[in-house]
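Both complexes shown next keep subunit A, but they swap its partner, so subunit B is in the first and subunit C is in the second.
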Partner chain A sequence: MAGKSSAAAATYSPSLTGQRKKRPPIQTDSEWVRPDGRGLHQCRPAFLKTGAVNSASGSAYAEFGNTKVIVSVFGPRESKKAMMYSNAGRLNCNVSYTTFASPVRGQTPEAKDLSSMLHKALEGAIILKSFPKTTVDVFALVLESGGGDLPVITSCASLALADAGIMLYDMVASVSVSCIGKNLLIDPVSEEESYQDGSLMITCMPSRNEVTQMTVTGEWSTTKINEGMQLCLDACSKLGKIMRSCLKEAASGPQD
Partner chain B sequence: MRGLQLSLNKGQKLRLERAIEQLESLSSKANSDASVIVADDISVNYEDAILKGHGTAEMDGRVVATLCGVVERVNKLVYVRPLRARYKPEIGDIIIGRVIEVAPKRWRLEINFSQDAVLMLSSMNLPDGIQRRRTAVDELNMRSIFEENDVICAEVRGFQHDGCLHLQARSQKYGKLKSGQLLTIPPYLVKRRKQHFHYLDQYGIDLILGCNGFIWVGEHVEVRDDMVEDLSDKSEQQNVKSWNTVGDEEVEETYTPPDTRQNICRTANAIRVLSTLGVMVAVEVITEIVDLSTSMNLDVHEMLGAEFYVIVAEKEAERRSLSTKRR
Partner chain C sequence: MAAASGTNDLSSDMELDAFRRLFPLRFHERHLLESIRPDGRPLGRARDTTLSLGAVASANGSALAKIGCTTMLAAIKLEVMIPIAEAPDEGCIAIDFHMPPICSPLIRPGRPAEVAPVISKQLSDTILSSGMIDLKELCLVSGKAAWMAYLDIYCLDADGALFDAALLSAVAAFSHLQIPVVSLNDNGRIVLMSEENGENGGSMKKKEPVNKEKIKLKLNSQPFSLTCVLHKNYILADPTFEEESIMETYLTITLDTNFQLVSLNKPGGPGLASTSAIQDCIILARQRVKELQQILNEAISDMEVD
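And then the complex of A and B:
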């Protein structure tokens, strides 16, 4: 028995007890200071690049602070699942986390939930009638999860879809807002997400002024929701502009 | 220039940039302002009755793009041509595909298109060359003609009602391809020409440029015309054919000499370099590049290195400036 336990100790596994930090109680009236020194209504600087994956029809890489996501799009192509004839195309989304994405190995948010949420966010923007009987596969891989994962995944996925040449009604931009006490923080980091009282995420198509997905969790008063939505929509239109300039660069760059 | 993963040193980078600048200055400037991204407005004179073509949509009375690409106008038609277009099949195209499934009375081929193409058993010549009705025995012996993962050259016969492609391989020049390499390049780099089958006799290799972006470089195979053979030595032909169909082990493996293999690899590398540069792939350009590499005494593997890449870019810029001067 003793031999066995020593063999078990030879393989190190981080103790989970140390992770449960006691949350210092924050007074509801205090101002929240952001760990990376941003203003409350300031988003993280974004780095976007298309053409990251050669073998895919289209791909994009996005870095928002510490959140790094790479999305590859395959299609339209035949899939074994879609045996029935359908007038409209199908969209298949898959989000997965690398094992080194979060600070503690293996402790990541539910990727299956994110896959279905990504599907709902994108299916409103893709013109499915343009590729009947075939499937478009979107694979998102989160390389590092630094907070605010799903908005980054959605924005990166819409860049990859545009790069693949799939018909879209408009680009899809997504921003989330966190509520801590009386503060509204835009684009939260993972530390802020762990302290939050509520979160609001909006995915919209900026040029069309249409929202494809809105996710609200936690406690929100009416005025706070209005304020939060306004913040999100403003930030989405700015992010939309950044995405378009990234696509323009990619389009005008390699021209032989 | 996706897929460029070469590490160029400073001098090579400068030369490459200069060559690309020269190429860009030579390309026609007519459409350079017309590139659009999704949901960009397309400038249109609203009084004219214009036809909204592929890649456009209407929103609040404005014409808006749904694709990233270049706006093309042909008379009253306005459409958006995507940057990296998928293969658009047309009837009569020569394509190359790989068998992925043997299904009842047909083979399914993968051809770099959104759906798989279908080659019916009735669109294929039987091994003994006789024209007859396909029986159940023929259906059971389909695997002896083509199996999974075979590379086949065929012609587009038409479209099915749901957009699936139908192929035919009725002539001797179509059929299974052996002893060679299959390359994948973006389909828009292959222009539709009169001839897609090329025989480079100074190297002894066959080159087939499929319109779907699959290119076959292989050992030369003598294409026998069935009509001519039938009149003369018919008995000899029958003997040879019966010997071939007895079994795979009995067929003599024709040995490909190493020189031919080198030439095949050289040509394949030349096509790879051209496709990464984004140059239209045509026989003349390919033979020029292969000659260039032999004249420089480069080893086959050095053709994929940074130095040759830059040289090919410069050569292409030179060639285009010469052709524009001639005009």
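And then the complex of A and C:
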């Protein structure tokens, strides 16, 4: 292993990653062609499954195209000793990436901001009063990052919370939209995210029709924003239905 | 002490789960008397094991191994390095074992598990000393370029016998490894053939690939392992987390496919292992190696069918 540390810094990936793929020119009259051949308003195929990790109180696995995420929920359990007394429960979120999540090793995104975004997206949906003095831990591991990571993590975490039997006002579903030129692309992959003009992400509770988190970046016109929001909300309610049916399946499975 | 002496009577009134939590050792020892374990296994049998190759699309080689509930995901990424002067024809393998907080309630973010670096070291010692991979196979251009294989193993669910599952996933990831065809460009860098052609198209003449015949890594005898818990006179193969945490000591035996001993590890503990117990463990390990080899071969042939 002597060569490990000395050689580690000097290695490079054989793929030409230094240069990003150039963005194709925007054609104003023709339709945008997506790298995976989807329609502009078509989401990636989603696979969801609860009970992925046996040693956790609740867990879920989500696979949206190439984005693969596992979320484990632990607790409610004792809060850290240094914590003050609190009537309401606490939520603790942590997101991490595997070293092989991105195409080039070691180029995984900073996960600290994702942890706090996940916390903010979920806390509004959890009935924190139902577990006073204790903490619920939500840990996410991104096995493979293929774009739209945060929305997938958030939806998967909500499913894991439900699997753990944590009381929720409603499930939380999250979808993002990318704006490229005049086109709105739902559920973008990494390549599309890399050359987008703007992005919009909505996290909502579909059956209560409430939004827990919404982020807008880049340049948007008011009409575009409205259109994008409507797209997201429609997709969220569809995703919510898929999540519900996944939970129902898991609940009815063992009795058969 | 009245409670302790009365447990035998108490157990008949108590709920099973409560008894299991309050007196875990008694609970297990009662099973051992009947030569059976709480999950219904006989003492010498390992849990159901599954293996699937190619679980991570962004890696050059990957495998997901499950032994009972213990789940390991191993992935290999190849990068190019300049070989050191002492060994100009050799590549390098860097092995890292991770236990992210999702895998066990005992691990919190920011406080890495104590066992992770121990298993990491054990894995690299075992894999590098077993002679499974000839580092010369990783050479691209002598003295100029060689492959650096980064093997990362993630524990997704920790339920005992972590080393066995990690080693199985690592060996499987190496047998799934597909080496990309590369060529040497004008700047002396190694680049992928497909991208080289795509970027420069017809303007440049095609470069010769430097590793045309080395798409698969040749694996010599692969190592497989079995962990056994030693408790009093009993030997329990492939322990769960619960069994590992309450019983006296354990022994990990690694054999290669020719049944040569690669490593034997007994990490202390209150129990001592007698020579006959070690021999019994080796016999169990021999059977297990046959099983694991078959599981790996099946996984490889499943992959080829797809």
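Keep this in mind: the second predicted complex is superposed on the first by the 222 of 256 C-alpha atoms of A that agree within 3 Å, B and C clash if a C-alpha of one lies under 4 Å from a C-alpha of the other, contacts with A are read in each partner's own complex, and residues count from 1 in each chain.
In this text, contacts are C-beta pairs under 8 Å (C-beta built on N, C-alpha and C of every residue); 3 or more make two chains touch, one makes a residue touch a chain.
Computed from a predicted model, the values in this text were never measured in an experiment.
In the superposition on chain A, no contact is made by A:213 with either subunit B or subunit C. Once chain A of one complex is fitted onto chain A of the other, the partner contacts of A:71 are limited to subunit C, with no touch recorded for subunit B. Touch criterion met: A:54 reaches subunit B and subunit C at once.
In the superposition on chain A, A:103 makes contact with subunit C only, not with subunit B.
In the overlay built on the shared chain, the residue A:154 is in contact with neither subunit B nor subunit C. Applying the stated contact rule after C-alpha superposition, one finds that A:140 touches subunit C and leaves subunit B untouched.
When the two complexes are overlaid, the chain among subunit B and subunit C that reaches more residues of subunit A is C. Once the two complexes are laid over each other on the shared chain, residue contacts for A:94 go to subunit C alone; subunit B is not touched.
In the superposition on chain A, the residues of subunit A contacted by subunit B and by subunit C overlap at 54, 77.
Residues 56-59, 62, 69, 71, 73, 75, 77-82, 84, 87, 92, 94, 96, 98, 100-105, 108-109, 124, 128, 148, 150, 152, 154, 156-159, 180, 182, 189-192, 195, 199, 241 of subunit C are the ones touching subunit A in the complex. Residues 1-3, 20, 23-24, 27, 32, 35, 37-40, 55, 57, 59, 64, 66-69, 82-86, 114-116, 162-163, 277-279 of subunit B are the ones that touch subunit A when the two sit in their complex.
Subunit A meets subunit B in the complex at residues 51, 54, 75-78, 85, 127, 131-134, 162-163, 165, 167-171, 205, 207-208, 244, 247-248, 251-252, 254-256. By the touch criterion stated above, subunit A contacts subunit C in their complex at residues 1, 3-4, 6-8, 10-16, 52-57, 59, 66, 70-72, 74, 77, 94, 96, 98-103, 105, 137, 139-141, 143-144.
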